[in-house]
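These are the structures, in structure tokens.
Next come two complexes built around chain A: one with chain B, the other with chain C.
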Partner chain A sequence: MTHEATQITSPTKPSEILLHLGPQHPLQPGPFLLDLKIEGETIREAELKIGYIHKGMEKVFEDRTYLQILPLTDRICYLASNSNNDVYCRGVEELLGIEPTDRAMYLRVLTNELCRLQSHLLGIGEYATDVGFLTMFIYMVREREGVVSLLEAITGSRLNHNYARFGGVANDLPPGYKEMALKTLGELKKQIKSHDEMMSSDSIYQRRTKGVGVLTPKEASELGVAGPPLRATGVEYDLRRMEPYLVYDDLDFKVITQNDGDVFSRVKVRLLEILESIYIIEQCLDQMPSGPYKQDVTPYITRPKAGEVYARIEDPRGEMGMYIISDGSDKPYRFRIRGPAFATAQALPPLLLGGYVADVAAIAASMDSCTSEVDR
Partner chain B sequence: MVDEKIDKTIMIELSNTFKDAVSDVDVPSPNRAVARIDPGKVKDIMQFLLDNGFDHLSCVSGVDYPPDKMEVVYHVTSYSAPLVITLKASIPRDDPNIDSLCGIYWNANWYERETYELYGIKFNDCPYMKVLLLVEEMEGEWPLRKDYAGYPDLT
Partner chain C sequence: MAIFETIMNYLVIIFASNQFAPWIRGVLGGLVIGAVFGGALVMVYLERKFLGDMQSRIGPNRVGGRFGVLQLIADAIKLFTKEDIIPAKADKWLFVGAPIVALTSGFLMVAVIPFDYLYINGNYYAVAVSRMDISILYLEAVSGLAIFATFMAGWGSSSKYSVLAGFRNVAKMIGYEVPLGICIISVAVMAHSLDIVEIVEAQSSIWFIIAQPLGFVVFFIALLADVGRIPFDQTEAEEELIAGWATEYSGMRWGLAFFAEYLHAVVGSFIVTLIFLGGWNGLPIVGNLYIPGIFWVIAKVIIVMMLFIWIRAALPRYRIDQVIDIGWKVLIPLALLNLVWSTIIGLIWT
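Presenting the complex of A and B:
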């Protein structure tokens, strides 16, 4: 793997062709342009061009009050809206010097893990479509429906939840939630185990995905990836364990790793993480203390002291960081979003080199990118 | 796996090794450290951090402080420790340029291109300095600068 190739050059030999994938393609999660220089079936050079849905969020946030930014953080990536809310709120809470209540911390962990479930389920579903396994997409979306309904019961919305608040959360659990959740999650656990069995025993699927798009631990850290693609190489890097935030310290969970670093391992990590997240949610429902779910006083206009903070979270896709500089006014002076999908997308072109055109869809989808967050 | 050896003592080593280039060292919490660095020494400092286990460049951002200053902020961390080091390099606003880190951290490339197109900060020796997110016509607009007045609506 050469790490230098960031710019594609024109074909020089008659056997080489330039192939554009995108910016609009049925296989893509969003618009991006992947330029490939291929020789026969082999990819010689690759370049990813992004920015088709650049929204200028960092600029927009400089012109909004802290409370107005909160619903906009959902829109960075709708599949990770809860974790984006949470990391933003933790950043502002650190600037304000307040802490969420105990119950709110559990509620945030609960919703973050539900969010991880639905993101992984859709991620695997989209990936399955791309490798020609459409049945799995239907299964995954069916399973995801239950999880989204669980989120809807707490937050009131199905996609952009806007749930965390400074010092707490927007509302408490509805009555009878625990029974409802345990029923849905028990069913989900059974289904995921059977899907995992199906994927691990299907020889055609394995030939399509094993040994394809291999990342070694060294390459993965050089390329700067995090999240499931990194854990699939065997590196135990998970911010929930590395830098425990909220109440992850009090919860029991394993950091899921696989050793091969190929397409199969990346999907396997997501499947196993779904089971681990269900286990975390069950613990949350058991251990959740009673008490207020938000602070008594939540100021409408928030003016943190001048200062700066870098808050980060283990998003479904990796490490989400927000760097907020406050100048003492009611709006942030600078707001930097360090998204996990941006880092993963940058690592895609070197990963494709030397592979076959037929594997591009499988490799790209197994990285689980989100164009909305890459472009921001 | 958490490597216990990588911790905030690196900040003492850093300021001892680069006496003139590192200043205002602050450790606000166990997992965060902040320092100001001399923009001319950025490559040496980053190479030193990489050699000491800080193998993950998390983020590169620009910050605009009109009328005369800009800052490039680096967040460096490790795959085996929770410490995030924030390094800030102040550069003049009328000629913003700083050395590129592409030779040290491969993934600096996209972050530097993004900072370039949004702030107009040039990264010397970056192998491929071109707009990343914006359309090419917007190169030279530098939209995230504080005095940016908006792009004419031509529709």
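Presenting the complex of A and C:
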């Protein structure tokens, strides 16, 4: 398989139709255009066209001071806003040569995992509607509500958290947080187990998803796919384990993998990762040291020394990286984002070939791409 | 209950004395169509409310008090006042005709549905607009008209999504009308009649759901596919084909198309009730209490509707090729097996 951008050819046979899926379609989390050449219901060629909501964020960042960029990183993808804050702060901290305090590191891991929880919950929910399972969507959104409330209690906002700071975090845990979190998460754990049972044991669901949209480890690495879609192919690739950052070294967790690389495995990985994230959060709450949650002196006007840095973390959707070049002024000289959703989006057309129109919904949703991040 | 008995008898004497007079059929037809129309409205409301409960939502709760009973009126006003769009490239007559055909097929089916069977002054009278000797065959034939509606809409809209949905619907219907027909034949064989009234009367001792459970399962699954409900709603799978064959419709035309589907679901519930669930034959649990047959019919119809809604809440959607597979490779052999079974039982029974 070659992975050059393929141009779709116009239909030659009378049985072939060119179908434009998008830029407005109920399947999509955001606008993109998927051109399909179909013969009957079988997909012969597929081409993905992006750029409908391009925001030019990287260029915008070059014209903002380091602190001004911080809230904007939320807007790269609203489901991963916490991770985006975190990866940006890690980059700038490395440029500045400072380290977050111990408590701040635990708080960041905690919010990162909560962020992963809510992203996975909504991802599975949207995916469930796409295979016609509306009830599961509503259950998932209901469970997500508790997680979002937990995030809101720490960060003060539900979507764009803007929580991490250079060398620390914005604020400490509210009083009584641990009990509240353990109660919500215990309930969530039970619910997720029952939802997993409800989905995985359903024969219609299995027939819809097993062996559909199979991604092999080789293709995945060629296309740059990371995160749950890669782990679903059996590759144990998780930056939290491969290149431990913050306090992931001190925490006990499994890297969830599945072997088939199909739609079923990708969703299964997410479901199991939810349970694993809950376990990580419980450890964080137990082990969290007391102490300051931020540096004594937070530099408001940040002028890092000239240099360059590439910081990366395990986003809910894969590997999120930011490449920052500093020229010693208060604004970055060059800013580049390596988003996980972009890689998963470009893996979509090859997966669709030979499948049915009905598989588009299942495959696209199981990749859990995010148009806002693709078109950042 | 004595008062019901009196009222029913009184009404029936008026109607029965003129059972075949044209005006009485007209009145009865109007009443029955109104009743089934109302039934479809009830189903839409039930679906929203019941589905809401099952999905831990509230459902309609603003228009018409806490339970949102007037939500449908609000929806109807909205649909009536919306702009009626006919796409420039659409085939106008096919496009306009499709919802009408869909609704007509639903209403034609209503004509032979009996609600009760009354014994008055030594005669039996079926409470139906029209009693035919071959009413079950007629029902099957008329319900097939609905395929034309979806294909007309799909082709006439000149939209690719609509065309795909039209193709899907035709493929699905061809596969599922066959097991549906075979199950109806099994029932007819067991009851020794094609007349629905006699089929129901044949169930006075034992309902056909008990006599041929396999037939009931096959019939119910095929019926789900026939009325296009989850897990067989591929023709309007939102995430694949937007709104399927109704993609290009707007305003009241869309309303009619939407309503025709519910009408088919209601009539489908009636058919299940009549040919498998014993129709107006009550359960012995009520003892000597007199309950008019029509109440049994309506209660059973509502239970079947609830079953439709429950299935919708509990299952995801099949892929279209799997649907066709199930139709041809699973349901038809099972339906044939059931035909053999019911023939043997039917022979022994008499």
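Just so it is clear, the second predicted complex is superposed on the first by the 371 of 376 C-alpha atoms of A that agree within 3 Å, B and C clash if a C-alpha of one lies under 4 Å from a C-alpha of the other, contacts with A are read in each partner's own complex, and residues count from 1 in each chain.
The rule is simple: contacts are C-beta pairs under 8 Å (C-beta built on N, C-alpha and C of every residue); 3 or more make two chains touch, one makes a residue touch a chain.
The shown structure was predicted, so the numbers you read here are calculated from the model rather than taken from an experiment.
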item: Combined model on chain A: chain C and chain B, fit or clash; value: fit
item: Partner chain in contact with A:Ala306 - chain B first, chain C second, else both or neither; value: neither
item: Inter-chain angle, chain B to chain C through the CA centre of chain A, in degrees rounded to a multiple of 10; value: 130
item: First (chain B), second (chain C), both or neither touched by A:Asp130; value: second
item: When both partners are placed on the shared chain, which of chain B and chain C touches more of chain A; value: B
item: Chain B versus chain C as contact partner of A:Glu243, first or second or both or neither; value: first
item: Nearest-approach distance, in Å, of chain C Cα atoms to those of chain B in the combined model; value: 25
item: Common interface residues of chain A - those touching chain B in one complex and chain C in the other; value: none
item: Contacting residues of chain C [partner chain A, same complex]; value: 54-57, 160-161, 163-164, 168, 230-231, 233-234, 237-242, 313-322
item: Partner chain B, residues of chain A touching it in the complex; value: 3-4, 6-7, 50-51, 54, 56, 58-59, 221-224, 226, 230, 235-237, 239, 242-243, 308, 310, 312, 319, 321, 323, 325, 333-334, 336, 338, 342-343, 346-347, 375-376
item: In the complex, chain B residues that touch chain A; value: 1-2, 31-32, 34, 55-59, 61, 63-64, 73, 75, 79-82, 84, 86, 105-107, 109-110, 118, 127-128, 131-135, 143-144
item: In the complex with chain C, residue positions of chain A that touch it; value: 17, 19, 25-27, 41, 128-136, 138-139, 142, 202, 204-205, 207-208, 356-361, 365
